[in-house]
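One chain, chain A, appears in both complexes that follow, with chain B as partner in the first and chain C in the second.
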Partner chain A sequence: MDKVMSNKKIIALYILPALLFIIAIVYVPIILTGYYGLHKWNGIGAMEFIGLENYAALLKDQTFWSSAWHSLLLAIFSTLSLVIYLVVALVLSSRIKGSNLLRKIYLIPMLLSSVAIAQLWLKIYHPTNGILNSFLASLGITNTPEWLANPDVVLYALFIPILWQYAGFYILIYYAALKNIPKSLEEAATIDGANAFQIAYKIKLPLAMEVVKVTIVLALVGSLKYFDLIYVMTNGGPNGASEVMASYMYRIAFKSYDFGYGSAVGFFLLIICLVVTWIVRKLTANKDQTQYS
Partner chain B sequence: MFKNKKMLVLLTLCFTLLVAGCGKNAGTNQESDVGNSSNSGDKITINFMHLWPEGVSAGQNKIVNEIINEYQTEHTNVTIKTEVLDNEQYKNKLKVLSASKQLPDVGVTWAAGFMQPYVEGGLFAQVDDLLTGSLNDKFVAGTTEAYALEGHTYALPLEFNIAPIYYNKAIFADNNLQVPTTYEEFKNIVKVLNEKGIAPIALGNKDRWTGSLWYMYLADRIAGQDVLANAIQGAETFKNEGLTKAAQEVQALVDANAFNKGFNGLSNEEAKSEFLNEKAAMYLMGTWELPNFTTNTEISQEFKDKVGFFKFPTVEGGKGNIDSWVGGPGVGLFVSENSKVKEEAKAFVEYFVQKWGERSVTGAGVIPATKVDTASIELPQLYTDLFNEMNKASSVTLFADVQMPANAAEIHLNQIQALFGKTVTPEKFSELHDSALSSQ
Partner chain C sequence: MQRTVPIDNKKIGNTSKGMRKLGYLLLYLVLAAVAAFQIFPLVWLLLFSLKNNQEVFNLPPLALPSSPKWENYSKVWNAGNIDVYFFNSVWITIVSTVLTILVASLVTFAITRMKWKGSSFVLGLFMVAMMIPVHSTLIPLFNMFSKLNLINHPLSLIASYVAFNMPITIMILLGFYYALPKEVEEAAVIDGCSVNKIFFRITLPMTSSVLATTGIINMIYNWNEFIFVNTFINSDQYKTLTVGVQNFIGQYTTDWGAIGATLMISILPILIAFIFLSDKIVEGIAAGSVKG
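Let's look at the complex of A and B:
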């Protein structure tokens, strides 16, 4: 086996199919998207080359920047919420009663499809029959908020199900990372007289740090390109109040029939994601650099 | 695991052959399919993509399948292969297929602005010849014109719709309300219902075109039909006094709590359920909703008996006519220009449109674009009344979002949502419309 794997040709042979797939399905479309972005094109007729005009228009497009700001807000919120997930995972990984059951409960949202979650939360947020407003009304609040119709509230109302949707995923990752920490370290610390808080902060956290860094990148990039719940629940509305970059791209390409400009938005989105990933890697890099993304 | 690398290579080769073999098989199959269909007289397959899934549009779905079955019985060499998608998915799929020029042989399209890029891209075949054949003089006046561009017709309409205000007779009677004929009376109804704690109007403005209907009617009644029609075509400024007034009236209605709570975040389906559950008294919607108020067996007869309709009231001092409607042809059938079975597909469309006209009235309760003899068939009263109104119509203004080119329509729809949500002033609303339509 070792002999086979040291043969460069064999290695190439094995890598080739996957490589071809990735090139055809991921990289070629990315390059094409960038190329389409240089054109005025409605997706059907002839393409007209206009150079960087789409990208220049993009930089001046207020709607794009407001949707970029919404995406950024989502990225900030989902990164901050990682702290909560980490705390939950720390509690779950210590030997408490029912941690097994709780872990499964936290994971359930991840098993539901996005559309099902969207439908569920549409019901919760319904302005008159929704469980949330019914509850508020029973508390005596007469002017209950219109969660998905009020432009000032809608974005935050959408963040809650989005964070809820991914909570289980991150908790599971943290849980696995914390469970991997050798018991002996914890026992040694206990003998030295460390309390639970010190064990968590001084031993478990540093050892799980590499995983935390990965999740930060996942959360940031995942939020920047987020699309599904927003598309189903508000479609970016009312009038763009909950528009994010990906939903804006979709709207431009598929509703306004402006594939050229839509492609430019998509390509720009990719660049933003790459830059963010690079910045996060730089910021979290340590001396013995570990490659994780 | 493996003794030597030869064996491993051998195994890999085996797999490669296996995979290649599968691919080859599939390839030949497809080729033979194509060979068959291009050979007329032999077996022909017509691909037909439509948007009436069994769940959402049971009536239409049944008729489509019946017509296809009959056609196949009459033309034994033809097989119609259908693909059914939901409205929004349908639009997206059509878009994606068109980029690779692989439209189905026959498909469903909307009129005017929606159709334009497809026609300009040379994807739809001209169907002028079908209008002079057995379908000559069968269409209601003004329906096929919406599918014509530069003198050629590119699709044949199936439906014709107008939008009345449906209302709940029981709620009106309980509160001693009469059907309004003037806008003042209408506003009074809104006020009375609000005092009783009943939502006056069900509106799902997440979908945006729903709010557009309200704006269009107010514009029609205040500024007059010709001004509205010209403005949508870019020949008149939206800063026109009457049109700005209409936008102000929309916001006045919002201020008067005329619409159900949270309308900007609710879909049309959610708003409709408010009306169906008798939580809202009025609902402005196209005649395609008629089956729900007449034939649909899933809705209780008790409720269906309560539904009436009235025409959008006239506004004092306005230039509009009460018999002027917002509406237009719904969907139509196109034949793909790149179809390998173009002639056969056209024949099928001709057959389909004719049969659809005969069946859809009784089967689905929709109003077809072809002429109907209402005297010879038993029809629900609501249907007959609306049908007669349609024949009396002084004008029918095509839905603004259908008429405008796609990107202007998108701006219009977003601004409608903003107008209803009061995040834009009527003046700014007019200004943005002008700039959107002039940049075309």
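Let's look at the complex of A and C:
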């Protein structure tokens, strides 16, 4: 058995295709991004080495920091909304009839393409014929803002479809985790006289904490690198009011063709995502230790 | 003491029964409201895809059109290359999905079944890749594909889809492989089966249900992918639906019915897949995220 299953040639044959893809398409490019970031380069001509100039410029780039702030806001909103999803999942998992159908319905927006969702929400927010303003008008509210053209409103108007898109995803994850908790625990608690709230708070929640940690990382990193809906709906506008890090990077690279500076932004984005992942893992790991000690 | 406790319990049971019913009713209302919020924009989309502009602008948003304007669909299907984009999406999705599943199955088999140093390191490489933003790879990939003459070539898309969907595919497969009993494979080794035979004839068929799960998840992600197509492809010949729809709508900003029909065409395959395969989809999404 061991001899057959440790045949080096066959092992290499089995892992190489996957390794090749992930190294050539993911790992080599992220190293190159860091390297390109050290150059002045328009993507066509020769690369000129300029050291850390791009990164120094990035630290002083107002537009970048405002886009980073927008990404951070999205991250905060996404993470806070996890609480709502967790509550919905707790309710769904407590012997509710039709919970299976409901969580499937919640999931539908996440399965659709961002372009379709973005185009649909452009219509929802349409100033004259959109369903939002039609609805508000029927309530007698007529001085509605132009949701996507007003710099004070646009960012929050964009957060709603983003949250709408992913709500079902997180509810599903929480639901799956809560369903994994052995029924016997809940039954034992009921016999001991615990009510539904106590069961949810004292038994289900602590047991779902591992999954909550994973979703916090997903929500934070997913928000920090978020791109799709914003790119399609406003492309960062009006006047940068809804620009996020990824859309800023894309604009610099593929609209202004500044591949050197764009690479620096891309590399910075990578570092932020990895650092945030690492910090959240660290923080939540520490919490656990104090809980058990 | 032993007598009073059950009586007390019954009392509490009776008073709280009404409360509980009310509570459940309230919960249902909240849950249904969330469901309505999730589904409502899509209902509205379906409705305006069947209206002409006059009906969109003059009727209330949820009113039915006088007669459904199916011609919106036939109009956009033939105009503006939507049919070309649609079939590009179909074949690129299928090829990428099959390739991803095959390559991911091979490496998952090697990680869970074969003995070699560095298997946990290799697994780690795939898991860390999940946290890497696509945007941090775009410029080098664009440069690499230009040098290989793969800009405007579907291979650039297929290679990117396979690489970026590999981690989640491996993750879903891993859970299944770990749970799969090894006895059959061990017996096959004793009978003198080669590793290739074991993998292709025994293990791969045994994983068919999880292959279906990863398959449908991969198809959804590939079908919806936007940023790679938007960056690597600029000829209409190879664009997929996401970017095609985006460009098409850009040209017809005022024809609501046409836009609605285009959007419906682009999401219909997913909705149909969802109706028939929702259990697999739910299972795949849960497995692909929780086990991290």
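The working rule: the second predicted complex is superposed on the first by the 268 of 293 C-alpha atoms of A that agree within 3 Å, B and C clash if a C-alpha of one lies under 4 Å from a C-alpha of the other, contacts with A are read in each partner's own complex, and residues count from 1 in each chain.
Going forward, contacts are C-beta pairs under 8 Å (C-beta built on N, C-alpha and C of every residue); 3 or more make two chains touch, one makes a residue touch a chain.
Treat the numbers as computed from the prediction; the structure is a model and nothing was measured.
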Partners on chain A (chain B, chain C) - clash or fit: clash
Which superposed partner A:N7 touches (first chain B, second chain C, both, neither): both
More chain A residues in contact [chain B versus chain C]: C
A:F64 touches, of chain B and chain C: first, second, both or neither? neither
Chain B versus chain C as contact partner of A:V154, first or second or both or neither: first
Touched partner set for A:G43, first chain B, second chain C, both or neither: both
Partner chain(s) touched by A:L172 [first = chain B, second = chain C, both, neither]: second
First, second, both or neither for A:G240, with chain B first and chain C second: first
Partner chain in contact with A:V91 - chain B first, chain C second, else both or neither: second
Partner chain(s) touched by A:F254 [first = chain B, second = chain C, both, neither]: both
Chain C-contacting residues of chain A that also contact chain B: 1, 4, 7, 10, 13, 43, 254, 259
Residues of chain C defined as touching chain A within the complex: 24, 27-28, 30-32, 34-35, 37-39, 41-42, 44-45, 48, 56-57, 60-61, 103-104, 106-107, 109-111, 113-116, 122, 125-126, 129, 131-144, 159-160, 162-164, 166-167, 170, 186, 189-190, 194-196, 199, 220, 223-224, 226-227, 231, 241-243, 245-246, 249, 256, 259-260, 263, 266-267, 270-271, 274, 278, 281-282, 285-286, 289-290, 292
Complex contact set, residues of chain A against chain B: 1, 3-4, 7, 10, 13, 42-45, 122, 125-128, 146-151, 154, 234-235, 237-241, 251, 254-259
Residue ranges of chain A in contact with chain C within the complex: 1-2, 4-8, 10-11, 13-15, 17-19, 21-30, 32-33, 36, 43, 88, 91-92, 96, 102-116, 119-121, 123-124, 129, 131, 134-135, 164, 167-169, 172-173, 176-177, 211, 214-215, 217-218, 221, 224-225, 227-228, 232, 245-246, 249-250, 253-254, 259, 262-263, 266-267, 269-270, 273-274, 277
List of chain B residues in touch with chain A within their complex: 1-2, 4-5, 8-9, 12, 91-92, 95, 98-99, 117-118, 120-123, 205-206, 208, 260-266, 270, 274, 279, 406-407, 410, 414-415, 417-418, 420-421, 423-424
